[in-house]
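Residue numbering begins at 1 within each chain, and the chains themselves are lettered A, B, C, D, E and F in the order written.
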Amino acid sequence: MSQSHSSFSHLDPSGAARMVDVGTKPEQRRTASASCHVRCLPTTIEALRHAALPKGDVLTVAKIAAIQAAKRTDELIPLCHSLPLDSVQVDFLIEEDAIQIHTTAATTAKTGVEMEALTAASIAALTIYDMCKAVDKTMVIDGLRVTKKTKA
Amino acid sequence: MSQSHSSFSHLDPSGAARMVDVGTKPEQRRTASASCHVRCLPTTIEALRHAALPKGDVLTVAKIAAIQAAKRTDELIPLCHSLPLDSVQVDFLIEEDAIQIHTTAATTAKTGVEMEALTAASIAALTIYDMCKAVDKTMVIDGLRVTKKTKA
Amino acid sequence: MSQSHSSFSHLDPSGAARMVDVGTKPEQRRTASASCHVRCLPTTIEALRHAALPKGDVLTVAKIAAIQAAKRTDELIPLCHSLPLDSVQVDFLIEEDAIQIHTTAATTAKTGVEMEALTAASIAALTIYDMCKAVDKTMVIDGLRVTKKTKA
Amino acid sequence: MSQSHSSFSHLDPSGAARMVDVGTKPEQRRTASASCHVRCLPTTIEALRHAALPKGDVLTVAKIAAIQAAKRTDELIPLCHSLPLDSVQVDFLIEEDAIQIHTTAATTAKTGVEMEALTAASIAALTIYDMCKAVDKTMVIDGLRVTKKTKA
Amino acid sequence: MSQSHSSFSHLDPSGAARMVDVGTKPEQRRTASASCHVRCLPTTIEALRHAALPKGDVLTVAKIAAIQAAKRTDELIPLCHSLPLDSVQVDFLIEEDAIQIHTTAATTAKTGVEMEALTAASIAALTIYDMCKAVDKTMVIDGLRVTKKTKA
Amino acid sequence: MSQSHSSFSHLDPSGAARMVDVGTKPEQRRTASASCHVRCLPTTIEALRHAALPKGDVLTVAKIAAIQAAKRTDELIPLCHSLPLDSVQVDFLIEEDAIQIHTTAATTAKTGVEMEALTAASIAALTIYDMCKAVDKTMVIDGLRVTKKTKA
């Protein structure tokens, strides 16, 4: 059981929350990718294509929100370290009844950036939700997960 | 088509993003509930029960992160108004291979709090993800949606 | 001279900075408009028209930055009160060698929103500056001022 | 035209906004200086000299606001990277009908600090505007620009 | 014992943290005062009088930090509500071997402002500590408490 | 006297506040520890043991608030540099009529982390104060000081 304790890096042997000390870890280029999708009505996608997608504002607003949130991940997720992000990339894929969101965060730091990529994807999805909620009450955000990690 | 334009409250007639003017709307008590779940391995739930759930730190940290994020929704979702929240409630239900998250935000203001409830649920889920990611690479956050709205 | 002291609402009779007590002022609908312009090379405007203005991303990013900054004016300008903004409007006018920025902030509160409108215009201008600085070293931001105030 | 696309470092080949990846750039000592001026009535300068300049509070408040804003440039300007600032310097020059503001930001990082210097100057100017707006309705902030950059 | 549970307004009957729902409480003018003191060497006070107190920068910086922190109390203290502050007042009293700090926060809201007054005093003290720590290793911050509350 | 001026690292020779330039200082592992205590009624400690300490929520909430505040020290203390924290540790010791708080912050950076450790201890104390203020009007926060510094 003390084994399972030590498996959770954010818990000390007594089971209490802690911030891991990354002081002795080397600075390395690290990237993480995440994705999720906003499921919605086909008519919402259609309306978006007419009203907003040509100009792109909905997706641009979502992208900016995602980048801004990624830079503040340490303020949102309590035990995350503050990391200087080299870049945050946010891409969208419009499907018939969903908008896919793909994010990649990169840093040169002592610890990984999964949480930054996940936070970016999550806030992009919520921003799309916010901009479409007046026309579609059925939206659900699904499948938020890490899709790739690299360390070089 | 101009009809579909006006359906998206955050888009002006030209399709550009805008912040809605809520100046003439009355202040009303409004609540919104949201939920999502973190799907994970049964062994993760089991390990959590041994290591962390008795003491409760994982869920308490997630709850605090959720409340803090709800209060800052206007900083995360670009076109959201700043609202004084009357309360934010965060509850968890531990299942065999998932943790359900249920949130309710309440305000007395000119506009609703769906985004606050959704943001709280989303950040609670990400905080749990962060605390368990060292022991479980299979986690997915699913089913984030609004479950209820009231206005009185 | 003590007369001039009391003229500066943010200075107490001894000349020290203070935050004005707005406790007895009535809540009123208040708006303020501000403007400024980013002066640049005609070739920058031309390049923007080719590369970015059709899609609109430069101006959309500037608008979102402006709205986000307006909501945080109280964190940026030390003696400003926290105000719940009813709306923030940001418009652009592309000229031959400049981009004009016009903002309007509105609130229903005990004190005015000039600083919110000015902060929005200022951050919109800086965001455009940031996005064009690689192609134009001559840019200057000029003419930042309040253009209108209303109280109803 | 695709040439002009690539000239804007914050736009990808399709004209969409992006955050530049600075992962392969070397860390270097970089500084940037910026300036602007708050133009006002000569009587405002005179009143400031009587009421506030001896004690210095107006300029000290503006300086602190500028330093604080410079440290948060990445939260204000969406595509800026988070940089650890080595220092922020803010100086004022009182003229007959204007207050000049000069700022210098320094970092040891992978990208430059023009936006930090500009943000500091801009917020210093807005803070002075805020403290004098009750006595002078004619103020205009002019000439905000980068005056110098170094990289060593 | 369930009696003692309900005495802690921030704990639910099971002992878990919660944010109190203030939705049914009336908006009232509320003030709270707090104080603390930074104890230091007499030579530090003397040096401050020579170097910094005439110009006042140390105390002005501390005052601005205190006001800024009071406005963000809800971001610092997890279960605090976001309150629109009518004013924050910060005063200093220089003694032979200490600097006393007195703060008063005021709001017109559904809940009190003790935490805002305490946060202001605390951050003022820490800012003074920061500015004097190079010359005095003996400083201690003592006596932080609420001194008065009003509700009208 | 000019000697005393230069002793205060945050004051320039004229006595004005400034941010120290740390550009030429080497990056080193640095830690700082701080402590303080919340003095309260013995009955408060007893009630806490019954209601909240078994589950631990009060102390967990205080710990999370402390870690979050430490990461934002540069936003709270105006002349502090932004530092990437390697870790923040927060421990509590329950006495008969007080709760002791011990914090340690660590970084690998160009300047020390006393202010981060002090800010963490201060916000932990205020969070405990907030959670107990409904049952105890006598609480005082005392003895906030740096207890140890290391540099390697």
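Simple rule for what comes next: a residue touches a chain if its C-beta (ideal position, glycine included) is under 8 Å from a C-beta of that chain, and two chains touch if they have at least 3 such contacts.
Since the structure is predicted, the reported quantities are computational estimates derived from the model, not experimental observations.
When chain centres are defined as mean Cα coordinates, D lies farthest from chain B.
In summary, the pair chain B and chain C forms a contact in which the copies contribute largely different residue numbers, shared numbers making up under half of all those used.
Of all chains, the one whose CA centroid is most distant from that of chain A is E. Centres computed as Cα averages put chain C at a distance of 14 Å from chain D.
Centre to centre, using the average C-alpha position, chain B and chain E are separated by 31 Å. The residues of chain E that reach two or more other chains are 16-17, 55-57, 60-61, 64-65, 68, 78-79, 84, listed in rising order.
Chain pairs that touch one another, listed by label: A-B, A-C, A-D, A-F, B-C, B-E, B-F, C-D, C-E, D-E, D-F, E-F.
Against chain E, the residues of chain C that register as touching in their complex are 16-23, 74-75, 78-79, 81-84, 109-110. Only residues 29, 56, 60, 63-64, 67-68, 71-72, 84-89, 106, 108 of chain E touch chain C when the two sit together in their complex. Against chain E, the residues of chain F that register as touching in their complex are 1, 4-5, 7-11, 14-17, 36, 47-48, 50-52, 54-55, 57-58, 60-61, 64-65, 68-69, 76-80, 114-115, 118-119, 122-123, 125-127, 129-135, 137, 139-146.
Across the complex, chain E is touched by residues 55-57, 60-61, 64-65, 68 of chain D.
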